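Every chain is named by a letter (A, B, C and D) in the order it is written, and numbering of its residues begins at 1.
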């Protein structure tokens, strides 16, 4: 089997956005999916393989430098040596804490930063050299680095200081990388997901209106659309929400 | 010939974004293009027809209530009676004035409002009932009302008060309509075009980097992508700029 | 009586913010108050005079070019010839319409622009030359041009398109003027008033918490504070709301 | 000597904003100043005492939980037992790193968070109970918690990812606390300092215009003004810059 021209890596794969994004990008690229435990990625890996795609899961704690380095060492030496990266998606869900401020411990507060900002930093450090290689090799679409944001990326609500601190920091990083690496040909984007996503965990949540939850497959279509934009016309930010969402 | 299931209307068609959007939407719908003079729309109408599409131009001054009413009377009684509207795009370029504030006349200042905000108001009043009809008839994609913004939609730069006042007002209207008509099933979006568009008028403008101008066809692809989003996952705003643009 | 060193002008004087601002600035300057009818300004003029200050009301329709020109002709030829302007405050309340979009007439929509943006344009054209004269004459505080904003300056809510279009446009103008005239020594600011103001008209509105309405005198203190900032340290924007306001 | 009615604490005291704020608040309250080393606070403590005020410095590493706890144990048991806090100002300068992204180490990236967000978290946890005590005791001015922001609080520029991540996270925390503790009577504010501050370290930086640097004393006046606002009329955010600053 000849090596692929390029591959994609999706960090943070559970039953929602991450898996849908992996399935969407797997239509065009072999994908690596990163998650803390095999239970998180086994389903999507098997889905992709049974659809004729190629997917490999690697146990990775995105907020741990050694773990991220080990994952990318495996990728660049064993799995896809000398292969450019077409797309890197950062989508971990950790760091969500909702409680009155005076009850938050320092360790809980740090979880917002560790999961969202530190994780994004480590992931960006590992993927940007491979994305720049994709620019050099003139891949079909500009290599893309896409970060998942949330309502808390632009609004610090009461009781949401932990998650908002992490998500604001992640957005700062996204902007800074877009301004540094955009001119080098890497498309850096930030997607604000504003609402409840329709996943198994939220199945029981009933709303007044039907279709009141975001479709993870439709979110994935937006990521893919961003990936296919030419460098003349890059979007940095897009906000996604159900038609009935209050905002 | 049987009547079409739905049609699209694009207001503000010149050699740039408007024509590209018209060509893109004409792949799926008959399109009406509105511009002050036939010289603005004749080229795109003939392009579309020679590609097998259907396009009709109507002379319209978007900032004039009587002119807009006449155009839509023609559309709803002669051209597409009882036909829902799939997409309405507001893209007029008028109202651009760049000069020191104390040299601006009241008439010049009004041109920003008239072309951008008043025009958008009249266009929205005319199209929303037809878009709501599209919701009732359960068209393939949620009926869409898309407004073209600019850098001046989010930044009032020195010497840009006229255009910024018009574009800020247009963005206010877009937000208000998204919040009122989103829950009714109409997808209202606002696209921030941040940079120089690659059109005949800007051909001579040379930049340090190649690909430093926005592609109007790529802008049109973004409008089409917005149009195809399902109602579970609507984007309100997207910003588009060349990879080397400073922002 | 020798002519004053400088004076202030407040446009839009009713029972709320405008009158409080006039009283506050009248402690240091003779003030001109502009309103459509004497009923709006007679009370504050008499308040100021009975406190030992100097105040003059002029009937002015801020959205009418001839009316604004007439008022400033009177000011610069009869009342305060050759006198620099220390502060100009734009505070008219007109253009507030709250209704479903499809019920709004073109004339109603224009009222947001006319009262807020066109009025601010005309007022700025009339006052900036007098404020620049204040820079030349090295007044104690940098001459100030302050605009009153609202929640609708930064958010286009459902049913608020008229007022939001006017207030967004006013904010665009404010930013543009701050960037053009700040470096010339004029302090241009925009104050976002986010909440219900405690005035006679809102006396009957009861809230769960006490002190749930903005104090017009405290708003005026913020305007005065902005006016006294040195040019090394200008604030452009400040947002004011009651402690219990949701935002 | 009878105990004071209330005191103020300023975290992050060097030769700029922190010292000016301490001097300003010391006109009304005894002040505690926190900094890593006595060299940072000895000057301002002696300034305040020679002006007849009261100031005490405590060596504190704001990003270290044990150090912050020790400082506040000393304050609440030895220095000001049973005394409410009138104002708490968070102003540490650490975490400023400016370099290309791929050269940043994980430790450097963490310094933005540690100094700005973690420090602000620890400081808020320590001060909010004392500020709430000030609400109960109905102090003259609403107890205030004020955070120092920067350009990087609202813009992630190229090469500024470290500082921007920290400052964005700090702003998220500020918003969340304002929304939670505002209704409880604590005035939480965030000040965006946008420009070069006129301190010994920047004395040699020459600009085209005079007065092109922010005055730390004028910044301190803004903090004091925020502190004196009544709860009917709280500002959350204010942006400060020199009149010639580009923004």
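The criterion applied here is as follows: a residue touches a chain if its C-beta (ideal position, glycine included) is under 8 Å from a C-beta of that chain, and two chains touch if they have at least 3 such contacts.
Chain identities (UniProt): A, B, C, D = Oxidoreductase.
Just so we're clear, the structure is a prediction, and the values are computed from it rather than from any experiment.
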| item | value |
| --- | --- |
| Reference chain C (Oxidoreductase); chain at largest CA-centroid distance | A |
| Rounded Å distance, chain A (Oxidoreductase) centre to chain B (Oxidoreductase) centre (Cα mean) | 32 |
| Where chain B (Oxidoreductase) and chain D (Oxidoreductase) are represented by their mean Cα positions, the distance between them in whole Å | 47 |
| Inter-centroid spacing, chain C (Oxidoreductase) versus chain B (Oxidoreductase) (mean Cα positions, whole Å) | 34 |
| Multi-partner residues of chain A (Oxidoreductase) (at least 2 other chains) | 179 |
| Touch-based graph of the chains, sorted into line, ring, star, complete or other | ring |
| Residue ranges of chain C (Oxidoreductase) in contact with chain B (Oxidoreductase) within the complex | 65, 100-102, 104, 106, 109-110, 112-113, 117-118, 121-122, 124-125, 128-129, 152, 155-161, 164-177, 179-181 |
| Contacting residues of chain B (Oxidoreductase) [partner chain A (Oxidoreductase), same complex] | 142, 179, 182-183, 185, 187, 198, 209, 211-215, 218-219, 221-222, 225, 229-245, 247 |
